[in-house]
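Shared chain: chain A. Partners: chain B in the first complex, chain C in the second.
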Partner chain A sequence: MSKITLENLSHSYLKTQNIDADWALRNINIDWKDGGAYALLGPSGCGKTTLLNIISGLLTPTKGKVLFNDEDVTDKNPVERNIAQIFQFPVIYDTMTVYDNLAFPLKNRGISETEIKSKVEEMAEMLELTSTLHNRASGLTADGKQKISLGRGLVRSDVNVIMFDEPLTVIDPHLKWVLRSKLKELHQRISRTMIYVTHDQTEALTFADQVVVMHEGQIVQTGTPVELFEKPKHTFVGHFIGSPGMNILPCKIQNGKAMVNGNVIETENDFKNKNFTKTEIGVRPEFIKFDSSGLPVKINKVSNTGRYNVVDTECEGGKLKILSPVTSKIPSGSAFVKFDKKRTFAYGDSWIIE
Partner chain B sequence: MSLELKNVEKKVGQDTYIYTTNLKFEKNTINILLGSTLAGKTTLMQIMAGLDKPTSGEIWFDDQNVTGTKVQNRNVSMVYQQFINYPNFTVYENISSPLKIAGVNSEEIKERVGKVAELLKLSDMLNKKPMELSGGQQQRTALARALVKDSDLILLDEPLANLDFKLREELREELPKLFENRDCIVVYATTEPSDALLIGGNTVTLNEGRVVQYGKTLDVYTKPNSLESAQVFSDPPMNFADVKKTGSTISFSDNSVKWETKSKLKDGSYTIGVRPHNITTYKEGSSVEINAKILISELSGSESLIHFTNGELNWVSLSSGTYQMKVGDSAKLFMNTDELLYFDESKRLVSNV
Partner chain C sequence: MNKTVNQKAWLFVIPVFALVAFNAIIPLMTVVNYAFQETFGSNVFTWEGTRWFQQILTSDRFHDALGRQFLFTFIILIIQIPLGIFIALTMPKEGLGVPVCLVLMSMPLLIPWNVVGAMWNIFALPDIGFLGHSLNDLGFDYNFTQQPGDAWFTTVLMDVWHWTSLVVLLAYAGLRSIQPAYYQAAEIDGASRWAIFRFIELPKMKKVLTIAILLRFMDSFMIYTEPFVLTGGGPGNATAFLSIDLVKMALGQFDLGPAAAMSLIYFLIVLLVCWVFYNLMMRNEAQS
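The block that comes next holds the complex of A and B.
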């Protein structure tokens, strides 16, 4: 078990770098505590897999250091780093039994048969694989096989960190629920450092205590699920987290107030002595309400999604999505909306104005 | 225009892939095939396309029996989960390929490709090769090729499954608009209940090779005809419990929870289905208290998922707002008894209040 520190990490796949876009990762600094549950969240191409490969030792960073428990491991190979990694697709030995699959990493380390037996049985119990322990792995369903992959990663107690690279992508939605909560439960029981890489916000937010959101090779925000939802520091975080994501409208800053097409939008940002080339207002669909006065909107479409209505509206500044409980009445045609001041933020050049 | 499956059945050796199925899709509709992996979605689509023959039964298009007609001779487009494009062709050549095969003149090809490329936001990429594009753009190219042809039937087999969450959200919103003014029938297969809810149209719930229910998407969601359909169309998974009705009182079979009802259901045993968002940390509607032992609590930003047990039951609740609960703690949760589904002993829906 380890705490993990990434210090001024940058990586480029090119020989020479001139512009920001030449870097796959730019100036990454992370401090992960021993035993925590963390997620790296971002779309394809954001650099999360590059970062994962640097942590596991498959890639040497162009600049910066990787530390495990304050020891510099930047030049160590994956074996020396002692890491368990679980991939998108199950990696198992089809001809072996479930038991032998789970025992494999322990046997390789010369652990005694009795200890292997007790560890494998304990892991099988946690993953609900006990009844199939002596069956061949080839006969299992996709989620059964992925459970073995998880079990093989979790069974060793000597690893520094367990890394999950999109482990639930191939799993059906119903089983995703089961496996995801299983993983969370396992983390609480064995409290090892775990890093979970995904593009799926639900998986990242429900699994991790701290989520690192990545965008174009940079960390745009690190925070708890609640922080990322309630106060996105970058418009990308607002957009990427939440479904539908945050509404972003172009705005002007005049006399210390944010204006969208002549309408003052109340926020708690401090605009003093700041200049930006682009200014925007961000508000989540959850924090907009219909009212008798406020910002005028035209209602385009109401979609009932079972639990709530997604209302597509348009104001002069652009499109606005509003989430409304199925039980509340939605006006038709034209209406006014108000934003929750505490949850409405102004952004300058995509970053929150503070 | 309509597509009809009449008593279609598919067997492979001893195994039945599709049990006797009757379905009729009308023109200008989007029809969702919703079910888990191996429910029979792809097999049904291949039969609809003419890529596979049913063991028995017939496929009718309008007033024509097309059961034996090969896919080449039907006006069908298909998009798969994997992004399938010609790697050596540019995006323009990829999209125009079905028109070239059909012998359309180059003026018209140019116009039609231009139009569909604009619709799918590919106008700036027409000279690129598929490998230079992101996954989302590659799948847009495949969709553009399916749309450019003016097919009578467009089959989409989990087209968004290999895309990032956010791209999926974006395309899912655009899809219904793409088909709005087209004289075609769209069939869309997915494992995700949220896909069905956001796309709308009609939904067919499928389970283990059987059609469980077919109707307007929202109707199937709010009034699943059976426990099976409710299970297929629920994410997070639906909670179930056995209850007894005696007079105006309904109680869990272990008597741990009781509430009053105005329901005209006759006395007896039922199974209730409760969607996770109808069990909350706060009171909503006519609510009844449930003692919960917390298994896990998860936050998804604006919402809290609490997994808990109550006696033999292992349930999930979903509340708006953020509530952190400790594993092993006891808590009181509230079940909204205005929003329950009642199933009889043969697992059919008997009431949805």
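The block that comes next holds the complex of A and C.
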């Protein structure tokens, strides 16, 4: 068990780096508490797997340090770091039984047979693998195999951190839910630091206490699921999290106010003494209401999703999606909308203006 | 709905049937024809029943050739398979070294078989060949044209040189198909190099190795050209493997009946061993 600190971490797969895009990771700083559940969230290619492999020791970073409990482990290998990692698709040893698979990491560390037996049986019990414990591992279904991978990661009781690299990609949707609750339950039971990498916001938000959102090799925001939803610090977080994502409209800053096509948009941002090349207004579809006055919009389409209607509208600045409860009436043709002031933010060069 | 019966579709099969008939069925039936009859030319045949088969199956000459054949195949398999895997494991996985190694590895496979035999014949000659002369200079009494042990040594060495590449290329393909996550997981599980080989690489190479063993078994069991050019089956009958012995009997002595019977027995042995081996591997597969 340990806390994890990443200091000024950068990594590039190229020998020389000239532009920002040459870096897979740029200037990452993270402080993770012991026993926490964290998620790294971002689209494919944002650098989250690279970051994970650096923490586990499979990759050495080009710059910066990795610290476990304030001890520098940057140059140590995964065995020395004593970590566990579960990969995107099940990695099992085909020729071994389920039991031998689970026992393998323990055997390699010279643990006694009796201790191995009790630990493996306990783990099999937890993962509901007891009935197939002595079968060949290669005969199992995809989720059974992934359970073995999970088990091999969790069976060592002294690991510093357990890392999951999109572990539910190959699992059927209904089993995904089961395995996800299993993970959550395991985390509560063994309270070890866990890092979960995913591009699926539901997985990240349900698993983790703290979610780190990554975009183009950078961390754009770290926070609880609620913080990410209510106050995105970057337009990327706004539209990546939430379904549908945040509406982003270009705006102008005049006299300390944000303006969209001559309409003042009320926000709580402080615009004093700041200059940006690009300014935008962001508001989630949940926080827009139809009103008798405000920003004029044209209604294009209404889709009923069950609990909500998703209303596609257009104003002169761009497109706006509005979530409106199915019980409330939706005007047709043209209408006016108002944004919830507390939930509307101005962004300068994609970052929130504070 | 009634299915339309259209027998004309059979016409499409005729070209294939004709092809197979000419290159397999007719020659094989000719052999069968000879195996049960006696002929003194002029297209006059007399029925002999199973006489030639009995003669072959009880002849010491056949037993000896068969024994030599199994010994040879066993020796080259036991050398080429582990050696091929070892070379594949040490080959580079990326960079310029990959195409260089692959081309170098393919070279022996591209040389015509009789050229391989001729090359090694000259290479191993005790008086002028580089290998033969060097060995004698080093104090070994080496002469593959005179001493059966030396003839075997040279034949085996030649076959290893010629065919290990095939095993290397197949094993290398098998190794390259292993996802990096397997190695990463093994690293995290603290597996030793041996454990990685035993529990990841070997199981993942199993299918290609099955093919490698089958191909090497069949090819080495039917080997003819290279030893024919290298030693001609000699000295004496020391390296007269089944094919060489068969050709001697059929074309040297013109014993067409016994030679035909021997061909059929030979063919059935190859078929049987392949069938048994394949089924063993597949049964193993079904269990897992």
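Methods note: the second predicted complex is superposed on the first by the 353 of 354 C-alpha atoms of A that agree within 3 Å, B and C clash if a C-alpha of one lies under 4 Å from a C-alpha of the other, contacts with A are read in each partner's own complex, and residues count from 1 in each chain.
Definition applied: contacts are C-beta pairs under 8 Å (C-beta built on N, C-alpha and C of every residue); 3 or more make two chains touch, one makes a residue touch a chain.
Everything numeric here is computed off the predicted structure, so don't read it as measured data.
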Fit-or-clash call for chain B and chain C when the two complexes are aligned on chain A: fit
Where the C-alpha centre of chain A sits as vertex, the angle toward chain B and chain C in the overlay (nearest 10 degrees): 70
First, second, both or neither for A:S328, with chain B first and chain C second: neither
First (chain B), second (chain C), both or neither touched by A:N8: neither
Chain B versus chain C, judged by how many residues of chain A each one touches: B
Which superposed partner A:S149 touches (first chain B, second chain C, both, neither): second
Partner chain(s) touched by A:E286 [first = chain B, second = chain C, both, neither]: first
Lowest C-alpha to C-alpha distance for chain C against chain B (Å): 9
Touching both chain C and chain B, counted on chain A across the two superposed complexes: none
Residues of chain A that touch chain C when the two form their complex: 53, 56, 58, 77-79, 83-85, 87-89, 91, 93-96, 104-105, 108-109, 136, 138-139, 149, 152-153
Parts of chain B lying in touch with chain A, wherever the complex brings them together: 36-37, 134-135, 164-167, 169, 191-194, 197-198, 200, 218, 221-222, 231, 235-237, 275, 277, 295-296, 298-302, 305, 307, 316, 322, 327
Touching residues on chain C, where the partner in the complex is chain A: 179, 181-182, 184-185, 187-192, 195, 199-200, 203-204, 287-288
Residues on chain A engaged by chain B in the complex (per definition of touch): 43-45, 142, 172-174, 177, 181, 184-185, 188, 199-202, 205-207, 224-226, 228-229, 239-245, 284, 286, 303-307, 310
